[in-house]
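Next, two complexes with subunit A in common: one pairs it with subunit B, the other with subunit C.
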Partner chain A sequence: MKTVKISIIGFGAVGQGVARSILSKREYLKKQGIDLRVVGISDSKGSEINTEGIDIENALLRKKQKGSVAVGTRSALDIIADVEHDIVVEATPTNINNGEPGLGNMRLALKSGKHIVTSNKGPLALHFNELKEAAQDNGLFFRYEATVGGAVPIFNLVHEALAGNRVVGIEGILNGTCNYILTRMSEERMPYDLVLKEAQELGIAETDPTYDVEGIDSAIKLVIIANSIFGLDSTYRDVDVTGITKITPEALELANRNNYVVKLVCEAREGKLTVAPRLVLKRHPLAVGGTQNVASILTDLAGRITISGKGAGSIETASSILSDILYIVRNS
Partner chain B sequence: MIVSMTLELKDIPGQLVLALSPISEFHGNIMSVIHQHDEKTPRGTIPVQITFEIEHRVLDNLIVRLENSGVKVARVGEERLRSTVSVILIGHIVHSDMGDTIDKIDSTGFAEVVDMSLSMPAVEKTSSAYLVINAVGEDELGRALDIMREVADKKDLLMIEPIRLNSVGA
Partner chain C sequence: MKTVKISIIGFGAVGQGVARSILSKREYLKKQGIDLRVVGISDSKGSEINTEGIDIENALLRKKQKGSVAVGTRSALDIIADVEHDIVVEATPTNINNGEPGLGNMRLALKSGKHIVTSNKGPLALHFNELKEAAQDNGLFFRYEATVGGAVPIFNLVHEALAGNRVVGIEGILNGTCNYILTRMSEERMPYDLVLKEAQELGIAETDPTYDVEGIDSAIKLVIIANSIFGLDSTYRDVDVTGITKITPEALELANRNNYVVKLVCEAREGKLTVAPRLVLKRHPLAVGGTQNVASILTDLAGRITISGKGAGSIETASSILSDILYIVRNS
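Moving on to the complex of A and B:
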């Protein structure tokens, strides 16, 4: 039995999803010969630390009842630096202005010899290469499948399964909120404002939807793809971004009549990064509906490979994180 | 690409459907059908001219399918304006002088706006237009799109183009 100790930094929807997945996969992990222990969990109010392994069920219950996992006041940075463990699961919210607190957490994790698995886009959209190089220099893994496309394994697909291929270009729909809004507008012939309100009531769109509907979230994900897959050194400021706020139901109807749907498409090709509404033929694999995410990867050997799936959700995102954790366990 | 074909049909009922259905099976977009019922060929067949838009790579298969179903393909011609692209414009299109926008494309000599549908929900609201631009080749189509982008930018219109990788190795 291989004992692997991890910390979960950030205990919101994603952090709790990771905890739940570890609980539900206990038997599976045991069969794989892995004793996965969570030795530290932190949220914005404090933390719980137990070097022998935290009672996860208990921690989830406390979070639900009291709104925080905290039983002590030691910070995320204290856990990362001082508690002995192997992998830091960085699941704090994305901050696109300066990447904090995720960036500081990641830098410290690499400095103190811990692998990183993250769902946090901010630090990667701003300092991807710095983090990647720091991980390499220290012989550590830096895994971020959960940052783009939720459950859809884009990076694993390109880096592992399609190894040897040159990626010519990537097109994808990487924001479920926009895709939901455009799908509903098109199917119900409803104006943008009304569908947005509906999406907000369903919890699909945030109270302040700017980040999604102006294409910023898509741009950030595109930057991570560009840096990881094309080896660029770009930040989200390098992306030419157009959102979906100006799209009319009439435009969608005109598209529909001519066999097209309109999608907010991220495109990386020849070093150019674009996020914009695009016409997609209805029968094209990119024409996925609802909150689905999809990525179509054009390679020199394999041709076109398209994968789609759930782009958000606590357990779906945790699936990518768990997969990254297991990758590290198997390869270290 | 846009193809014009002359087919020869037997003078019995049901032949036109026989000729048209393979085109839609291959996702061709039929633009015009000229059925000359009173102009029989010396062979006693009826010539039909069909113009349609179809992906280049399926054209040969389509011809085989037509011939196998008893439709004679007498002539296959590529239209002069063989590259085509659809775009959508959103904004105050009518106030921005649509005629001028179309003129800018048509006056190039290598590209034309061949179709346009306009939807105006109310006077004060933004309108939406669907345009089809044809050009003599892919490079010229690219240049026509550049002109459109410039115009859209100047007139503060949102222009929605098709995805690009689609045509490459799709």
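Moving on to the complex of A and C:
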């Protein structure tokens, strides 16, 4: 039995999803010879530390009842630096202005000899290569499947399953909120404002939807893809972005009559990064509906390989984090 | 630089595709520190052996001009047993009656301490577990991404990228010929016989189309999936199979009016294996057109993950073989 110790830094939807998944997978993991223990959990109010392994059920219950996992005041940075463990699961919220607190957490993790698995887009959209190189220099894994596409394993697909291929381009629909809005506008012939309101009521769109509908979230994800797959050194400021706020039901209706749908498409090709509404043939592989995410990998040998699935959700994102953890366990 | 020696057993469309891919990837592979050499190639008429590495361009030219790669009479079995190398690429034609000659080639490869990468479905549809266990017992890799879905990396996706998930079911469209016929019948409102004839003229269907249109090819692929992913010990005789020959344009038209298409769907769930024409909603992820292949992986955490791409073609199949070779090189 291989004992693997991890910390969960950030205990919101994703962090709790990871905890719940580990709980439900305990037996499955033991069958594979892995004893996965959570030795530290932190949220904005404090933390719990147990070097032998935290009682996860208890931690989840406390979070639910008291709004925080905290039983002590040691910080995320304390856990990362001082508690002996193998992998830091960095699941604090994305901050696109300066990447904090995720960026500091990741830098410290690499300095302290811990592998990183993360769902936090901010640090990667700003300092991807710095983090990648620091991980390499220290012989550590830096895994970020959960940052893009939720449950959809885009990076693993390209780097492992399609290893024999040169990737010549990527096209994707990477924001479930926009895709939901465009799908509903098209199918119900409803105007943008009304559908946005509906999406907000369903919890699919935020009260301030700017980050999604103006294409910022899509641009950030595209930057992570481009840096990871094409080895670029771009930030989200390098993306040419147009959002979906100016799309009319009339435009969608015209598209529909000609067998097209309108999608907010992210594209990386020949070093150029664009996010913009595009006409997509209804039978094209990119034409997925609702909150689905999809990515087409354009390759020299395999041609176009398209993968789709749920782009958000705490358990779905936890799926990507867990697969990344298992990758590290198997390869270290 | 890591020198990796392989043999190509079977030099038809797939074997030549592998040779061409290796040729076009030589520089790319060298950049990754891999010096990939082909030390033996065999076809039904004979073989070429060069322990320092065959001139691939020359071998492809000879095959084209003379119909055979042969410059000597040593057999595939001679190469596998007697020539020192690391990986046997088994690319002889699928034989569903007894798996030969592929089965004998694979058994000998494992006995001789060689890893296997294959596109040959026959031996896997008949003796999957025997081969898998023999590989494990000998500490060898047995990789078969190219047997199902052409360029679409289904096995790598499940075993690596979705490693954190339990798979609860698989649905797929795994025969490009049937999918082409059904797509054309539906879109052009043409009867089965006429579309079949068109497909035969285009080289999409064989002169004797039984193997495809009766669902046998789909059943074989489903068996390989089920054995690999669910750890079953099934053969293609365990699959409940219905082909597409009795589908009428009227049925397709009726489906179309209700926003459905008819697809030959392979399904593995709770130990039950079925291949049958099914109604699929037009906007469902499985509803891919033309000769495309698609597989939906139904999982406990990630939900439904769907992957699609080209299901056939020599370069596309070579893509899967090359990715499997690289997997072995990286992990051995």
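In this section, the second predicted complex is superposed on the first by the 332 of 332 C-alpha atoms of A that agree within 3 Å, B and C clash if a C-alpha of one lies under 4 Å from a C-alpha of the other, contacts with A are read in each partner's own complex, and residues count from 1 in each chain.
Following the convention adopted for this analysis, a residue touches a chain if its C-beta (ideal position, glycine included) is under 8 Å from a C-beta of that chain, and two chains touch if they have at least 3 such contacts.
Please read these numbers as outputs of a predicted model, since none were measured by experiment.
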Task: Quick one: name whichever of subunit B and subunit C touches more residues of subunit A.
output: C
Message: Which partner chains sit in contact with A:Ile247 here, subunit B, subunit C, both or neither? Use first/second/both/neither.
response: first
- prompt: If you stack the two complexes on chain A, which partner ends up touching A:Leu131: first (subunit B), second (subunit C), both, or neither?
  reply: neither
Task: Using the touch definition from the top, say if A:Lys310 reaches subunit B (first), subunit C (second), both or neither.
output: second
Query: Does subunit B (first) or subunit C (second) touch A:Leu286, or do both, or does neither?
result: first
Message: One more residue to check, A:Glu160. First (subunit B), second (subunit C), both or neither?
response: second
- request: Could you look at A:Val262 and tell me whether it touches subunit B, subunit C, both or neither (first, second, both, neither)?
  value: first
Task: May I ask you to decide whether A:Leu174 touches subunit B, subunit C, both, or neither, giving the answer as first, second, both or neither?
output: neither
Query: Considering each complex separately, which residues of subunit A are in contact with subunit B in the first and with subunit C in the second?
result: 283, 303-304
Query: In the complex formed with subunit A, which residues of subunit B make contact?
result: 27, 29, 86-88, 90-91, 117, 119-121, 125-130, 158, 160-166, 168-170
- request: Give every residue of subunit A touching subunit B within the complex, in rising order.
  value: 168-171, 242, 246-248, 250-251, 253-255, 257-260, 262, 265, 267, 269, 276-281, 283-284, 286, 296, 298, 303-304
Message: Which residues of subunit C touch subunit A once you look at their complex with the stated criterion?
response: 21, 24-25, 28, 145, 151-153, 156-157, 160-166, 282-283, 285, 287-289, 292, 299-310, 313, 315-316, 318-323, 325-327, 330
